[in-house]
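Letters are used for the chains, namely A, B, C, D, E, F, G, H, I, J, K and L, taken in the order the chains are written, and counting of residues starts over at 1 for each.
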Amino acid sequence: MTSILVLNGPNLNLLGTRQPEVYGTTTLADIESACRDHAKKIGCEVAFLQTNSEGGLVDAIHAAKQVHSGIVINAGAYTHTSIAIMDAVFSTELPTVEVHLSNIHAREEFRHKSYLVRATIGQIAGFGLQSYLLGMDALMAHLNT
Amino acid sequence: MTSILVLNGPNLNLLGTRQPEVYGTTTLADIESACRDHAKKIGCEVAFLQTNSEGGLVDAIHAAKQVHSGIVINAGAYTHTSIAIMDAVFSTELPTVEVHLSNIHAREEFRHKSYLVRATIGQIAGFGLQSYLLGMDALMAHLNT
Amino acid sequence: MTSILVLNGPNLNLLGTRQPEVYGTTTLADIESACRDHAKKIGCEVAFLQTNSEGGLVDAIHAAKQVHSGIVINAGAYTHTSIAIMDAVFSTELPTVEVHLSNIHAREEFRHKSYLVRATIGQIAGFGLQSYLLGMDALMAHLNT
Amino acid sequence: MTSILVLNGPNLNLLGTRQPEVYGTTTLADIESACRDHAKKIGCEVAFLQTNSEGGLVDAIHAAKQVHSGIVINAGAYTHTSIAIMDAVFSTELPTVEVHLSNIHAREEFRHKSYLVRATIGQIAGFGLQSYLLGMDALMAHLNT
Amino acid sequence: MTSILVLNGPNLNLLGTRQPEVYGTTTLADIESACRDHAKKIGCEVAFLQTNSEGGLVDAIHAAKQVHSGIVINAGAYTHTSIAIMDAVFSTELPTVEVHLSNIHAREEFRHKSYLVRATIGQIAGFGLQSYLLGMDALMAHLNT
Amino acid sequence: MTSILVLNGPNLNLLGTRQPEVYGTTTLADIESACRDHAKKIGCEVAFLQTNSEGGLVDAIHAAKQVHSGIVINAGAYTHTSIAIMDAVFSTELPTVEVHLSNIHAREEFRHKSYLVRATIGQIAGFGLQSYLLGMDALMAHLNT
Amino acid sequence: MTSILVLNGPNLNLLGTRQPEVYGTTTLADIESACRDHAKKIGCEVAFLQTNSEGGLVDAIHAAKQVHSGIVINAGAYTHTSIAIMDAVFSTELPTVEVHLSNIHAREEFRHKSYLVRATIGQIAGFGLQSYLLGMDALMAHLNT
Amino acid sequence: MTSILVLNGPNLNLLGTRQPEVYGTTTLADIESACRDHAKKIGCEVAFLQTNSEGGLVDAIHAAKQVHSGIVINAGAYTHTSIAIMDAVFSTELPTVEVHLSNIHAREEFRHKSYLVRATIGQIAGFGLQSYLLGMDALMAHLNT
Amino acid sequence: MTSILVLNGPNLNLLGTRQPEVYGTTTLADIESACRDHAKKIGCEVAFLQTNSEGGLVDAIHAAKQVHSGIVINAGAYTHTSIAIMDAVFSTELPTVEVHLSNIHAREEFRHKSYLVRATIGQIAGFGLQSYLLGMDALMAHLNT
Amino acid sequence: MTSILVLNGPNLNLLGTRQPEVYGTTTLADIESACRDHAKKIGCEVAFLQTNSEGGLVDAIHAAKQVHSGIVINAGAYTHTSIAIMDAVFSTELPTVEVHLSNIHAREEFRHKSYLVRATIGQIAGFGLQSYLLGMDALMAHLNT
Amino acid sequence: MTSILVLNGPNLNLLGTRQPEVYGTTTLADIESACRDHAKKIGCEVAFLQTNSEGGLVDAIHAAKQVHSGIVINAGAYTHTSIAIMDAVFSTELPTVEVHLSNIHAREEFRHKSYLVRATIGQIAGFGLQSYLLGMDALMAHLNT
Amino acid sequence: MTSILVLNGPNLNLLGTRQPEVYGTTTLADIESACRDHAKKIGCEVAFLQTNSEGGLVDAIHAAKQVHSGIVINAGAYTHTSIAIMDAVFSTELPTVEVHLSNIHAREEFRHKSYLVRATIGQIAGFGLQSYLLGMDALMAHLNT
């Protein structure tokens, strides 16, 4: 059975508890729960990992190689600064989809650039929790072709 | 019933007949057909419009205001050069999702920048025909919240 | 009798109906009406044309050559991206004044630059509807010297 | 009665006597005289101050706060280099209109940028002596709304 | 028989009547006439189209696909700003030669850059009416190899 | 009682033992000792943490949320490259003061920029060990208002 | 006895009376009063000078040489544009601390850069009135080593 | 009789023997032979000179002044880096046409810029051996007007 | 006896198993084995450490101080983004040689820049496994002078 | 008799007393004395003025118009930041020579640029006190042709 | 037998006699002698050529084609400015290694960029005379695979 | 006796015969003659060399080392592009003065930058033939201190 790793980067563990008036009250647990439900609907397995460490994300991508069919990744701030994570995706050649909760292209200039996206199938940004579910759909569609 | 306008910009009318060894044999008609099927599945109406004209896209966005609940737009090359289309979306305040067939962030530098995305809910890029269906899903989810 | 063409570019047709809490309730019709009144006061004729098309603005500038003594133009977003419209004004050599409703120099960086202004007598920006009337005055003063 | 301060910056005292074949023979006295006539026509008082000093312009803007209803300012070369003058206008919150004799946007690149304009209602550039009269009109219209 | 489309962009319809002291008195009709004569000499057919619209040029390039063997194009100001026209040439894969009346590389900085040229066989700039005839020769030579 | 976390980033553990002829012989232990003495003087508790890891700093900031009233942080080289640490401070909303031993604005160009400072109350740079004590004072003053 | 000159640049004379809803109601007199109290506490003399003139600040720095042991300077907008003031501090070699009321690094891009800081011991920014007191402490600590 | 100097710069001596799978098997001798044939057809004399030295090209342009009516030049890599060769053409005022075998505007960014073209009538790029023949035609047309 | 630490950064653990058609089948174990053989030949000891963590590399450099005579480091992607690793080398003052498998200066623009190299003796790039052996030679030669 | 104004800008009054180990012990008085001697030798009158104020320099240039035949100016730091002083020289059309004690082109990047030099006959930089005497010679030679 | 050309560019002939306190007393003759010894050790022939001319280096690279198996080149200052030398290496397809005495990446910004390195196997910089010997080793290793 | 080498770079051999309406009728021979006369007046010997080759200038600077006391150099266009000539002056450590006929800082942007000036005592630009004589004076004054 197809297995997807949903990988979350720095500060995403604080979702819901941080500035709820700005980011809403959806927590990372809510996202994982929604992904789990969605996995059942689209017929796949799903695993989760969150880390605040750049090297930790690189390690996780490497480890996914043997275990998962693809990755849905929200690399948070490392999206814009890390060449190492991009190289990790290139190295494993695991089909990967980049997702973002917010519309990064409508925020500060330094959030418009992504190194990671050069190594992924594509990018989905701006749809909140929904970005993850769309990312899973996109990955499944890619794996089925 | 919710009605979505799927708007396509310059050169997308040539899809499938142009460089099939590069872009595949999917035509714009295939995309529209897939969108129509998907619309039935997710319970909405869908209309289509393609134009090679920047002003034509502005006109179409204005006209959509009275008729549609939201827009899924692939503005093609105008994505990167048109402030007028961005302003049109801002002006109508219609919920809009930007989609791209290819992963524009992994192509030439000048295709990384989008004016339009500043006015849309978000952007979905890199999943071929699937980008449109994901865009419809994203728009429906947005309209339902 | 002196005849002035008041030329409006993309999205200006939506004035008043768009984001009234931001842009106020003045419509393009209100602007045209105020210009018409002002024309009487300063003793000239006035004609109006609005189009969302860059080429349409070029066409209109060409056509004005035989008919009008000068142009007051708000080229909207094309101000910042169109070399073609600048060239059109240079080509016809019709005295032209560039006007803007908002203070474009206090908005996003990409709205500070104008190609068009290189071909016009000058620029008036930031005074709302009043910018048009000041533009007519400036044009008349120029024509009378 | 409404009172307007017409403030002139560096080198404007030399108008008319400098390079008359380029700048014409209009002197600063001519401008002040025309402004005085125009003030009568539009029903306001007008005062004048010229200084070649950046700090002098800051001082003059501060002093205007208690005495005048608004400012028409041609800050000359300081337009492009002075953040202090911009801050002075922000600090006093006096309605201010930026004017220029020449079309600064059609001259050297370094004359296109204005710090000052971020703090003013708007900018009028390119109409010679007329720029001042249009600036007075724009300011009066602003004060009357 | 080989058929060449000579495509002209914005403001080129005004040739000869605009600033004759600058651009000379050669009209677009003169250019077309010279191209027609040259076509006879080199043994090909030639058709003409001029439009001030960016989308119009895209449409014309698409339409040329079925009818012509190649294109000689002077895209005027759109040369420097339009990614859509470049994409149109890439999409149709019609052999295309970019021509310019003036030496664009010796004019304003913003006229040095061409998006279009990335999709064409090459560029010929600076030889006035002659640029078109050289463009036809270059295209014929290309088609014959 | 108010509790301050003094957080130190990469390479600061080597202070005093590295290039003593350049950086002096003050060690990180000396800094912590001085902070401890100063804490007694100004009536607060103080805790310390040093790590060479970017993710480790993010983790430490998160963990501080429940335990400390504010943070005095010297993020070392991560000051200039890490968006993740800035986001961490934004996420926890803990009052934070950025400090630097050296005057970073008088060193290499790439040390002038700080992402972190966008999320902090302010920055104190250039006063050696004293920067930490001033940072504690600044934080206390902030907490008392 | 150690004597400190507290030097204030353009627009700081308006503190408290300008945009109180933004900048609070602290006046320059309040700052001077707080500095005077603080001077007593830390055992030094303090003098004050405010001017809106760049040359005036240069003059004041020169004059301080014979009279004061060091300078705490808030050069306001000249911080970002004046090389002359930086050179003045370099020339006198008086120990100087740069202070700012607001966190200039979190404001507009053009306020991030400081020429002056290259000549000072360090910079303290973002702590309101407190920045001055911290600046005095930093200067005293520097003078005592 | 009109005499044209065909001037070739660095590395063009290796044509045909270098990377034939990339550049084809046309040698510099083939180009010169084709130019000689073409010269007969269009009724002019032609001379050739190739050098790998920047100063050598400057010398050759100077020497051409007394001997030739104009120059067709492919300055190779010096096109992009040499101001001296541009100055040489300006100095001699000999009508000159810049040619390139490849479409330099579709290659690496640093090959898009030409100093030389500022001093020439125009530029012809992208047509292989044919670029030289077109260059000769363009020069002859220029000399005949 | 001289002891060299061979330090490898992110993704280098995947060598040989990743894209073997691109990077060849040499594994990190092969590199370490070759270094071990080479160490015997040149008469030194050699130790190895690989980590995907930026902070981990900083820690390893610090730890090397007491144990090794110098470092041969391939910092992978952190070469281009990490100021912390550069500072670590500066802090320990251990003689260090930067090596790269590929010719980073002939790849993407963002791989041309190295912060790390400012702190090392020099850089060797482009010779595959051989770069490490050359790096060991260079380090030994440096230690012997 | 020809009269030259030697104009000195900010911080030059401190010459000799500031950092004598760096700038030497030559004072402004020494420079003036040397200029006076040199004036006798070359047969002209010489006057001196030093001010730390940008506006003061503008005023001095204006005032020189009626009194002096030309200006030798060392505008110090204002050289690099002042458009107003450049405009002052343009306005008076007084022959002016820009001089600098140090070789500004071999110092910090921001000292390489001069606005002022656009309005002067030329620039002499790097020869200490001698720069002034050479400037006087250059001015005299200019006035005599 | 394998033959290596060691090619040296501008100013390298002065080694040892120039600024010996900076560059040491190693002369070019010493380098050549060390290379000759090293050639014997690694079993190859070695030839030498030094020229201060850019075109001379291009000529030498061309001439090497028939005679040598590969090149070790220190192009000196032309490394950073010459596209012609890069093209020469591309044209001959001779295996080439770029070497530098100093660590160019730790010197002035303009010495960080190399055009040449795009055409070479790799680059070795920073190891003095040793860089040449390492370059010979790297070339031999490359030729043997 | 002091001996000065006056070194002239590319295109300066054409002086007087090129565009006399622009550059005047002064020839290089006139300059040399004036330098010879001036040498007698100031008591030194003078030699001349002109070459259009960058390497030739490097060679000439090297050769001057043994023969001349200093150099007055007008490197023409190589001023702006050659790092090699700058390095040559650094290598020989011969006192050198950079001169220019025209005011290069008031011409095209690319003529404002000089690499060479970093290695010279200073620069004299804008005084025509006089620049050389001033350069000789400056050099003599330097040699006499």
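Note that in this section a contact is a pair of C-beta atoms (placed from the backbone, for glycine too) under 8 Å apart; a residue touches a chain by one contact, two chains touch by 3 or more.
Being a predicted model, the structure only gives us computed values, none of them experimental.
Trainee: Which chains make contact with subunit D and with subunit L at once?
Mentor: A chain counts here if it touches both subunit D and subunit L, which gives J.
Trainee: Is the contact between subunit D and subunit J built from the same residue numbers on each copy (over half shared) or from different ones (under half shared)?
Mentor: Different: fewer than half of the residue numbers at the subunit D-subunit J interface appear in both copies.
Trainee: Between subunit B and subunit C, tell me the centre distance in angstrom, where each centre is the average of that chain's C-alpha atoms.
Mentor: Here subunit B and subunit C have centroids separated by 31 Å.
Trainee: Based only on mean CA positions, could you tell me how far subunit B sits from subunit J in angstrom?
Mentor: The computed centroid separation for subunit B versus subunit J comes out at 63 Å.
Trainee: How big is the gap, in whole Å, between where the Cα atoms of subunit B centre and where those of subunit H centre?
Mentor: 47
Trainee: By residue number and range, which residues of subunit K touch two or more other chains?
Mentor: 53-56, 81
Trainee: Please list, in label order, each pair of chains that touches.
Mentor: Applying the touch criterion to every chain pair yields A-B, A-F, A-I, B-C, B-E, C-D, C-E, D-G, D-J, E-H, F-G, F-I, G-J, H-K, H-L, I-K, J-L, K-L.
Trainee: What does subunit I use to touch subunit A in their complex?
Mentor: 9-11, 13-14, 18-19, 51-56, 76-78, 80-81, 110-111
Trainee: Using the touch definition up top, name the residues of subunit I that touch subunit K in the complex.
Mentor: My answer: residues 103, 105-106, 112-114, 117-118, 120-127, 130-131, 134, 137-138, 141-142.
Trainee: Show me the residue ranges of subunit A that touch subunit I in the complex, using the header's touch definition.
Mentor: Residue list for subunit A touching subunit I: 53-56, 58-59, 62, 81-84, 86-88, 90-93, 115.
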